[in-house]
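Structure in structure tokens, see below.
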Amino acid sequence: MARLGENRWGKTDVRVSKVHHADGEDGLSDLTVQILLSGEVELAHTVGDNTAVLPTDTMRNTVYCLAQEHLTRDLEAFGAVLCDHFLSRAQVTGVTVSISEQIWGRVGPTGFIGGGTERRTARVSGDGERTRTRAGIEGLVVLKTTGSAFSGFPRDEYTVLPDADDRLLATSLTANWSYSTLPVDTSVAWSSARDNILGCFFSNWSASVQHQGWLMANAVLDAVPEIDEIEFHLPNQHHLPFDLTRFGMVDQGTVFQPVSEPYGDIKFTVTR
Amino acid sequence: MARLGENRWGKTDVRVSKVHHADGEDGLSDLTVQILLSGEVELAHTVGDNTAVLPTDTMRNTVYCLAQEHLTRDLEAFGAVLCDHFLSRAQVTGVTVSISEQIWGRVGPTGFIGGGTERRTARVSGDGERTRTRAGIEGLVVLKTTGSAFSGFPRDEYTVLPDADDRLLATSLTANWSYSTLPVDTSVAWSSARDNILGCFFSNWSASVQHQGWLMANAVLDAVPEIDEIEFHLPNQHHLPFDLTRFGMVDQGTVFQPVSEPYGDIKFTVTR
Amino acid sequence: MARLGENRWGKTDVRVSKVHHADGEDGLSDLTVQILLSGEVELAHTVGDNTAVLPTDTMRNTVYCLAQEHLTRDLEAFGAVLCDHFLSRAQVTGVTVSISEQIWGRVGPTGFIGGGTERRTARVSGDGERTRTRAGIEGLVVLKTTGSAFSGFPRDEYTVLPDADDRLLATSLTANWSYSTLPVDTSVAWSSARDNILGCFFSNWSASVQHQGWLMANAVLDAVPEIDEIEFHLPNQHHLPFDLTRFGMVDQGTVFQPVSEPYGDIKFTVTR
Amino acid sequence: MARLGENRWGKTDVRVSKVHHADGEDGLSDLTVQILLSGEVELAHTVGDNTAVLPTDTMRNTVYCLAQEHLTRDLEAFGAVLCDHFLSRAQVTGVTVSISEQIWGRVGPTGFIGGGTERRTARVSGDGERTRTRAGIEGLVVLKTTGSAFSGFPRDEYTVLPDADDRLLATSLTANWSYSTLPVDTSVAWSSARDNILGCFFSNWSASVQHQGWLMANAVLDAVPEIDEIEFHLPNQHHLPFDLTRFGMVDQGTVFQPVSEPYGDIKFTVTR
């Protein structure tokens, strides 16, 4: 006769981000959370009786709902709040909460640089007669908590997106440009292009990803005279509002669900 | 003066799956779609005027809405329907629809084996006195369009999941087991374990992932006497219904949104 | 005073493949192996005394050397051989060998289809005047143990590659083609293209990846009249011979080291 | 009659790193290079005549050989050197060299922090009676060009690794620790642990990865009294010397081949 041994159930890869509004500067938490429970669930396995099986969808919702009040910079405290919450559910006898925080670097009061996927790129091609040189940046992840909008777009029968006058904007920026004449110091030119892209992203209000990109492109063309054309690829890393009103809560607009797929995919070229 | 060059915008990695109900057997389409548009959007870039920028969220919705009626086994025909649809929107002058279909192998009238991430595993450990041997399967992706339920679970203030009497179930199955005595032919034993896992998954109705796993574990223990304990890891690869009623449509329950994160995470051991 | 607790050292992701030559048909093992040892290594940690630390490079070499004689279809037996071998080294008190086998499907006596990354693709683009349709295959992984060569190439001061009259050839094939007129049944046309690609890969001897690709392209153009142009991308998934003669062994030419990077990168188009 | 259309061949994902020794501080280049050639190779495709097909293995070797003299911080200049070199080969009519540089941050004269995969982690588990809290760091990539050795290890019939008195050491560090009592400020405690790990890695000479880890563990235990146990996982990200003497060159020991697999895998726990 078979017996149930060690077991647990839960939800993995719950992605939650939160903006901590504060005097002068916003904070940002970007977490991936796993909840694993154990309990008196033998009948669920053996005869399909689910009366003790808290749904993993509920675990997910709980993470977002408790994040609004309880998520601070103290990961361990948020872990303890979640742990205690699930222990208070009937039939749950053990809880493990694992939290992994993506580390972002601060840039100004509402801006952040994240991840370390950034790379410097160069491409040289020749055919014996002519050599063309491109340079670029790949995977520069940036996020701002304010200073971006998207409204006034056309609406059809499949449009439900609300206008947004001020939204969180994040992208993993790739840019590359051609040099009409090679700069004396290509590293200095690259850094100047990068600085102007970042400066523009974090300080200029934009009406769309396209608009933001146009401003950045112009900043680069103004700063580096050897560049005659620049191409941007700006995947929109969506941070969806997680609707807390479904749970009888007042939604303060600080809790988001970052999603990997699908993503808005914007690409364009600007020339002198 | 800078000028806008080549440009397009769109939505990438729109994942849509559809069950094709038919006499005797269900078909399955599992697609990843990209929509890229070009059009008269210069003012969107230069002055932030979005009147010509169809939102990428709308593109996503459109894929799901048109999938219900138009998605068949003919990818090219679905691509043409999407292409024509977006060309009918004002200010859109060019469309590229790219579709990539995950290939699933059929197992019975409502079952499928997918992906090729499957691996056979073995683990031998020793300390000079005793040798322990485990064997297993990793990444065996299976899906059934019917024969799985999840209802009767506890509800709290964060529970919105509806009861499901019959749902689509998919998992990337990992199992490993210990041998009390080594089988004469370990490849035969492995194949027998695998066959029983698949046979049970595709033919036994289950009340939950846990219940499904229990049945599979028992089938293996019955079939291979040398196995004395088996561990399952069954991540629930959620296929969320995509609510078409928001768009004034009758939802036939055949169009799903597969999501990678988060996922339900079930792990347990069954011993003799 | 700090004390060393649980510890182990080893080598992870040792990739080894082996061709099992047999009457009539070749077998293939494609393994990823992990060796973890524990032993009396406290002094290595605390004072940097390495006399008990078998190098992880040695573990790697051992896997290849023992594979030639001992690796069969029985993973558990190969695991036991490795386990016993490392237990025979001085100061090693515990060994765990973990093996994960990539599963390949047989196609004829010396051919295999692997992985399950294969996808069917389609691309439809239009501008209101004209619609273009492409279809394709992505990630079709194929391997043949014989029937491929590469010799007679130019040599310069950086060339050390020996001529190969008969080598193992593996690739993750991507192909896509344009339709001048749309086939009545696009699924039938796709299958016909795929069948001809596979038939040619497994039955035609080739002098290079380029030559193999040309033959496959011609087979598709012959079989599907609606196709007017086909593009192939054939990354060469190198299986390097692992030189066993360094260890005083006779190298039988059956043990390989598959490498992920770098890879030979061949891409071309064939038109009618 | 079929005709060959656009085509190119080359080598992708050639990983090369170089240490730039200089007065006072070392520089580091960490590149991934792609070489794509086009030329008069129609006969290679159509009849298997390889006399014009420069082997992709040769392209790889060339990257390493030319890196020793020509690779500086100026990516575009190295690209141009490679481009001109391949254009000088017979039958090559077009070359595209693409270079992507991993960006590392400097820490002291010979140390670097790389990548942005770093995450802060926390784990809280409870069973209603007792709560345990762990905290940690994941994916902290560090490299030092000097100050690490590995010699005096046991040698058997499969050992070919030479003693190294001074080698480049890189790892993607994961550490996690348990708190006997929770610190008043968990973020301060985490930063203190991280600072001590980095300080030790970059300033302490070590005789092995194990020795390096022991020193780091002790530094953390000394600095944060609430930590009673710490676990390290230190995968050795090998940078293999690329033997240039095979090409008649004097090897200056500055050019390396970073490899992803296999890797040395060291894990241990240190307790008070």
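Letters A, B, C and D mark the chains in the order given here, with residues in each chain numbered from 1 onward.
In this section, contacts are C-beta pairs under 8 Å (C-beta built on N, C-alpha and C of every residue); 3 or more make two chains touch, one makes a residue touch a chain.
If you're wondering where the values come from, they're calculated on a predicted model, not measured in any experiment.
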Number of steps on the shortest touching-chain route linking subunit A and subunit C: 2
Pair sharing more residue contacts (C-beta pairs) when A-D is set against A-B: A-B
Gap in Å, rounded to a whole number, between the CA centres of subunit B and subunit A: 23
Mean-CA-position distance for subunit D and subunit A (Å): 27
Subunit B-facing residues of subunit C, complex: 73-77, 79-80, 82-84, 87, 93-103, 114-128, 131, 133, 135, 138, 141, 179, 182, 185-187
Residues of subunit B touching subunit A in the complex: 1-15, 34, 36, 41, 44-58, 60-62, 65, 89-91, 150-161, 206-211, 213-214, 217-218, 221, 229, 231, 235-236, 246-248, 260-272
